[in-house]
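There's a structure below that I have some questions on.
In this document, chain identifiers A, B, C and D correspond to the written order of the chains, with residue numbering beginning at 1 in each.
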């Protein structure tokens, strides 16, 4: 624990095993606000599993996940979300038969109960918020288009937009630029830099150019454990990392 | 032996493989190198028919197989060892081995496979799921060889395998090629393994081939640039 | 005013649809049909409540219940119990060995009214029970299953089993429920004879009005954020959870609301047809009512009503003329709707309209097709688990 | 023990005999349920297809036995003592063949849409029932059973054990054994297990998964046909005989844990015995109602059933 301020997210000895196979093995990890962290690692390193554990999709078999000093383990998914954690999935998960506007509206962080939903109104405030998020994720002109008709990259942006609507304090993105064109990657990089004010962003990514562009700090995961952690330059000069990626 | 022309593959609206063309000759070992997420697995899956290609042609020994279901591609002489091995974990080792066989399996074929992988003979009654990663990899290769293929396609056979065993796998692939005059296409990101095993290598980056050379002319450092962090 | 139009009627187009249905139900049919046929249509409309509920539950939330007959039956039994008690006044039943209790109880040697029947002496209680009992049962079943993330096929199978259990249970407790014959010989509602022609007209109109009321309520629910959310749940249940919603409670809501509508339908059935029996509760009616919604188009509230009317009219035409062919037709309908017309009448109607608009546009010259309302997105695979 | 004697006016001896005989009646029900569930465990448990027409495949098998019995009676009376065994085989193959046809025309388009399969197979069940009605008439029919099936053992004076019950039980246990043998010892069974575990990979090792699906479905339907043949020994067959078993069968399979053979056996035994015994002590249908209710309540609390299978593909 640093003295100046508490980390936003602290993971201690996190472990999960599936039928004896330890996908994540005694992981220790922490993140501060305003930090943009990228997790890299070869396939099967347990990257996605770590995100699944934090957002409650997978139940850990041991260890602690502390977010704003509260234990997340055992909390149902929707409560974790309401507590301030947003998650983007590997394949874009948007609602194809709703419009962009409606996709964003669903993520507006109030009226989440049954009756809240019935009483929910599109106040000017809500509309304004949706429009500003849509603008941020480059979809302002597409508000009335159904999700199914967006391009792959636009779907990825829409999902990031849906997360922004929730105003999460921790944003987790699983391969946000997969399938994007170079131009789209660049815009996404700018977007991520812009939105990491006042929150932490945790990203899994394979595109090293992209990682280099955006990461404040990089964590390398291998066989469920942390292999190395540091700046991109440090990681690139780390021999163990090179071994894992390149062989011997 | 294997001829791929203008292959385009994608999911939904995104295209992952852009107009890929390559070929591999008889008894050649061809490595396809690239980092995660660059399209290796998608390319190989589309060869065996697990993902439909949008356009392009795949020929095995002169026979067009694109558009066919997987099992007919196997019949035409392709065999596939997937990423992550995909052993049938509830079937025994022996059952896994013969799962793809058509009709009775010649004793010679078994002998050959068991001589390559003695451990499979020892463990033939064990459940596939109880094998170690390296043993599963051997089983997956054995399972692919049972159909006497002309072209063997392996997707990252070294993934999650200990370095010592990686060497064994390289040796075995060489041996198989010698024994059966088999064409082998293997995707990889471990350079040392590639240098041990292949005759020729292609480098794939974001769905396109960006580099090609024979092993003799291959400059590992150059390839590293495409693979390294 | 404008927002009310949007919310309840679904915009101008929706208002036209409702007005057309109202015109057909309140004017065209009463003017063209004799009272016998009209009463029959009234009966079909009561199934329409179930179909409308299924559009909410199945079409919009992706949850298929094969037990909607349970709620239809509960609603029906609640009102039938009141009517039966009124028809079994001591004066009317003086010849029984125990006067003042329903005749079938007397036949079963029951000598005093079972406790569960007592509150049904009160009409307000019975009316409340018509809506609340189905809602409560649906709430309990739904909460138990959806909280454990049981859905899809398992939910369908379990609700089907519940329908069987309830119909067998009613069947097996003759003294309490009237058994297989059900509760029959119902006469008056607070002294008003429901068997007369004038009463049948009135009840028909009440039934039509309530059905349109249910459609409007459903329209409203679907127009709120709830509507979008239910669609989202059907599309990607997992994602909704990660947008901060407790998915189970929304499914429970949709299930309970649809159950309440079934209850009203059941009560209107009893008032118009004059009896209720376990044959309306069990597996067969429950799944048949699913096909009404499917034929109409499982996403379309109005379509569900037309689907119900179409299938039932077909059924009575067939069974008058070629009774042995009807099951073939009905079976074929199930298969055809699933395999060929996943959006039912409403889907066919939509695509015809789109084609018509396109034709008109091309006739007018301009290739303005791009601006035509986007063709109905095929929701072919919408009904996944 | 004496306290039992006035019970329902039976002596202790008689109560004991009733329990034994009721238990044997339960065993007959168990046998039919087990065969039905065995077929459905393959179709629903393994393939994930909700086949609501499963009961009609059972009825089809029963009608085949009836048909054979008529033909034998009219044309080959000398075969009467043996025909039943052949009829079982015919029931299996006819039901299986119809099953393969249904898979080819309908089911294969619906594998990813379980709820739609459910509606389509319900439609199929209506069509099959009406077909039975048109061909065999609405009245229930009973095949003439060979003499040797009709008698009963009399181990004690009060206990009557019908031979047909014993035969049906032996038949269903034989089928369980045969199916197990087929699934675990034959190449086709291996292909079926592989396909259930990992369809994509099975194709990639060279298994024709479309064909395997068809045969798997046909096998399940064929077993339902055998269930129908067994059914003819304990009841008469009508167009809707099968549909009366469909909910019970689904509950047996779900309760047993969907894909688990042991679970299927245990749960069909439990459900059949509970029904049979409770039917004796409770009036009419209430025995069945109570049994089903208990199962549904258990399933609401424990949706995975008795023996959940650990793999979900």
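To be clear about the criterion, contacts are C-beta pairs under 8 Å (C-beta built on N, C-alpha and C of every residue); 3 or more make two chains touch, one makes a residue touch a chain.
All values derive from a computational prediction rather than experimental measurement.
Looking at the partners of chain A and chain C together, they share no chain.
When chain centres are defined as mean Cα coordinates, D lies farthest from chain A. Ranked by C-beta contact pairs, the top pair of chains is C-D. Chain B and chain D have centres, each the mean of its CA atoms, that are 45 Å apart. Centres computed as Cα averages put chain C at a distance of 34 Å from chain D. Chain A and chain D have centres, each the mean of its CA atoms, that are 50 Å apart.
Taken chain by chain, the contacts form a single closed ring in which each chain touches exactly two others.
Pairwise, the chains that touch each other are A-B, A-C, B-D, C-D.
By the touch rule above, chain D contacts chain C in their complex via residues 48, 50, 106, 109-110, 112-120, 122-131, 133-134, 247, 250-251, 254, 283-286, 288-289, 292-293, 295-296, 299-301, 303. By the touch criterion given at the top, residues 11-14, 16, 35-38, 83-84, 129, 156, 158-160, 163, 166, 189-193, 224, 227-229 of chain B touch chain A in their complex. Residues 19, 40, 42-44, 91, 151-153, 175, 178-179, 206-208, 223, 235-236, 241-242, 245-248 of chain A touch chain B in their complex. If you check the complex, the residues on chain D that touch chain B are 187, 190-191, 193-194, 197-198, 200-210, 311. Interface of chain B with chain D (complex): residues 48-50, 69-71, 74-75, 79-80, 82, 86, 88-91, 95, 98-102, 143-144, 147.
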